[in-house]
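Right, I'll just put the structure down here and ask away after.
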Amino acid sequence: MSSTQRETMEQFWEERERLNRIVDEYAGLPMKRFLSLDGQMYRAGALPVKSKELMGLVASLVLRCDDCIAYHLRRCHEEGVTDAEMEESMSVGLIVGGSIVIPHLRRAFDRWKELNDN
Amino acid sequence: MSSTQRETMEQFWEERERLNRIVDEYAGLPMKRFLSLDGQMYRAGALPVKSKELMGLVASLVLRCDDCIAYHLRRCHEEGVTDAEMEESMSVGLIVGGSIVIPHLRRAFDRWKELNDN
Amino acid sequence: MSSTQRETMEQFWEERERLNRIVDEYAGLPMKRFLSLDGQMYRAGALPVKSKELMGLVASLVLRCDDCIAYHLRRCHEEGVTDAEMEESMSVGLIVGGSIVIPHLRRAFDRWKELNDN
Amino acid sequence: MSSTQRETMEQFWEERERLNRIVDEYAGLPMKRFLSLDGQMYRAGALPVKSKELMGLVASLVLRCDDCIAYHLRRCHEEGVTDAEMEESMSVGLIVGGSIVIPHLRRAFDRWKELNDN
Amino acid sequence: MSSTQRETMEQFWEERERLNRIVDEYAGLPMKRFLSLDGQMYRAGALPVKSKELMGLVASLVLRCDDCIAYHLRRCHEEGVTDAEMEESMSVGLIVGGSIVIPHLRRAFDRWKELNDN
Amino acid sequence: MSSTQRETMEQFWEERERLNRIVDEYAGLPMKRFLSLDGQMYRAGALPVKSKELMGLVASLVLRCDDCIAYHLRRCHEEGVTDAEMEESMSVGLIVGGSIVIPHLRRAFDRWKELNDN
């Protein structure tokens, strides 16, 4: 896990799309169904999209996946999540997941600042 | 991990309190501070308590801890979470965490039904 | 995690079905799609069912889920997995997952013996 | 994961030995080598046995395995670990692992009290 | 975790060997025994090497370790695993491990394509 | 997770401090309390700082966090941990955590060698 995550969000997104095209070349029908279902779980229902994206963010933090965190941060930003809402969500993830999540939390705030600055 | 979790929520809570008293006997100041801080993270702020409890629930599901799930289910129920809100939160946890969380998801719905029936 | 898992495989299966009925009461369409997709992933394709069930077993061991292990052991037994094939699969899971999986490995062999004896 | 772990340490140990005999029936040579190597890692060297058992305890707490915790607690008790040494080790595990380890921490203190009382 | 894994398989392998030489400088006998045992677990027995390498691949995916995935992909390729066998194994890992494994799955297909192209 | 971790310890530390300043900009009081408490858990008490740092190292290895490992290695080095003490601690982490920790163990020895060489 590199501590010097300097690629920009834009670069992250381009690489993600390049890799998604490779997955598409190989994926069979059940795998494609999984990837489609992944999107369905975050659609508005009894809970708004914003709440679900924040849940995805907290889950990604406690499971410690930088790419998943970056994805949900971008989606949260699009949904209008405020700095305070983001910080409180990260706090829930921090207490549940412990100090082992701190390196990911640091990189998450770096990403969030980047999203705010653009 | 027993698949025949038949102790009632009330029994779970009594045992939890018995164990908390033992922790209190042994815990030093830093440990007590952690336990206090755990409570502070779920207080209302930019996000309401209900949203934070649902986040705690999803985090507990993907990390696969039955006791943590039972605790947050009870708190969610107290905060007026509806069946649909609970189910959609579990769906986010299920897609993130995968089929390995299904045994915990099953027991969570059993607990939820118990909370609804009382 | 109880170390005295004495419920029989039959009791495990009955409880599993009772809980599945409760999940069915609450589950929305996306959750039901996930549960259906879970079954599709283990169907015969380029790899036979037996190989996929053994993979599910190893994944369940390294992720340390007794219920998932019990499920895949039963399926492996139905597919004619031999004692040696089961033991070698567990050995791969043991070296990858480390000594933390040993309590689950013990209970897995106990379950396997039960399946062999019936 | 049962929150009402009421089996005594003695019952835990007897069940553990029953299961170990079943593992012995099935285990091939590489698996037996792993189990032997597991013991070797905790022998006195540059670090004393006590330090290694405390490390095993902290690792078991952050990985959240009750049986592994019970085993290392018994070994720590045999090695003369004091209440304060045990509590401080659990505190390191708690901050690293987060609130998700609390149910295991509770049961660990219950076990430790049982070891102290006998 | 860098999402722009651009080092080639050859570079990965060279760095792995450089690091292994450093481990050799420091490792005591029990650690060396572990590393030797790691190799023994994947030898042909009741199950062929190919099946064990695919199990190692699925275990590495659900535990989310890119280096371990890269290693097993290379070994699977050497053992003649087909695209369809690889994709079906990844599908089992995906359903068990959930969407949190997707970034690793993406990089795995990128590596596999690289192996196919050389 | 990059296998070619070539940034120096000094670069790692500078980036860590840059990110900590960003966390400080966003963190609310409860998050700041957590970060302060993280430091308190490793202070001398019944156990010396060295023992607690080695526990933090083992916990970081089994939870597989390179940044956390790098941090505790540096602290262990400052506390006068010897090569043999470090190697034996890593051995406990290796047997508990399994072969999935090996990529982190490799990078840890590389870091340790760097600390020794400076």
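Per-chain residue numbering starts at 1, and chain names A, B, C, D, E and F are given in the order in which the chains are listed.
The working rule: a contact is a pair of C-beta atoms (placed from the backbone, for glycine too) under 8 Å apart; a residue touches a chain by one contact, two chains touch by 3 or more.
Quick caveat, the model's predicted, so the values are computed rather than measured.
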Superposition rotation for subunit C onto subunit E, Cα-based, multiple of 5°: 180
Duplicate of the B-C contact set - from A-B, A-D or C-D, the pair where over half of the pairs recur: C-D
Centroid distance [mean C-alpha coordinates] between subunit F and subunit B, Å: 30
CA centroid of subunit B to CA centroid of subunit E, Å: 35
Centre-of-Cα separation between subunit F and subunit D, whole angstrom: 23
Residues of subunit B touching at least two other chains: 1-2, 28, 30, 34, 37-38, 41, 45, 59-60, 62-63, 68, 84, 87-88, 91, 94-97, 99-100
Chain contact graph, described as a line, ring, star, complete graph or other shape: complete
Sites on subunit C touched by subunit B in the complex: 1-2, 5, 7, 11-12, 15-16, 19-20, 22-23, 25-28, 30-31, 34-35, 38, 59-60, 63, 65-68, 70
Subunit C contact footprint on subunit E (complex, rising order): 37-38, 41-42, 45-47, 51-52, 54-56, 58-60, 62-63, 68, 82, 84-85, 87-89, 91-97
Of all residues in subunit D, those that touch subunit B in their complex: 1-4, 64, 83-84, 86-88, 90-91, 94-95, 99-100, 102-103, 105-107, 109-110, 112-113
Residue ranges of subunit F touching subunit C (in the complex, touch as defined): 62, 94-101
Complex interface listing, subunit F residues touching subunit B: 28, 30, 33-34, 37, 40-41, 45
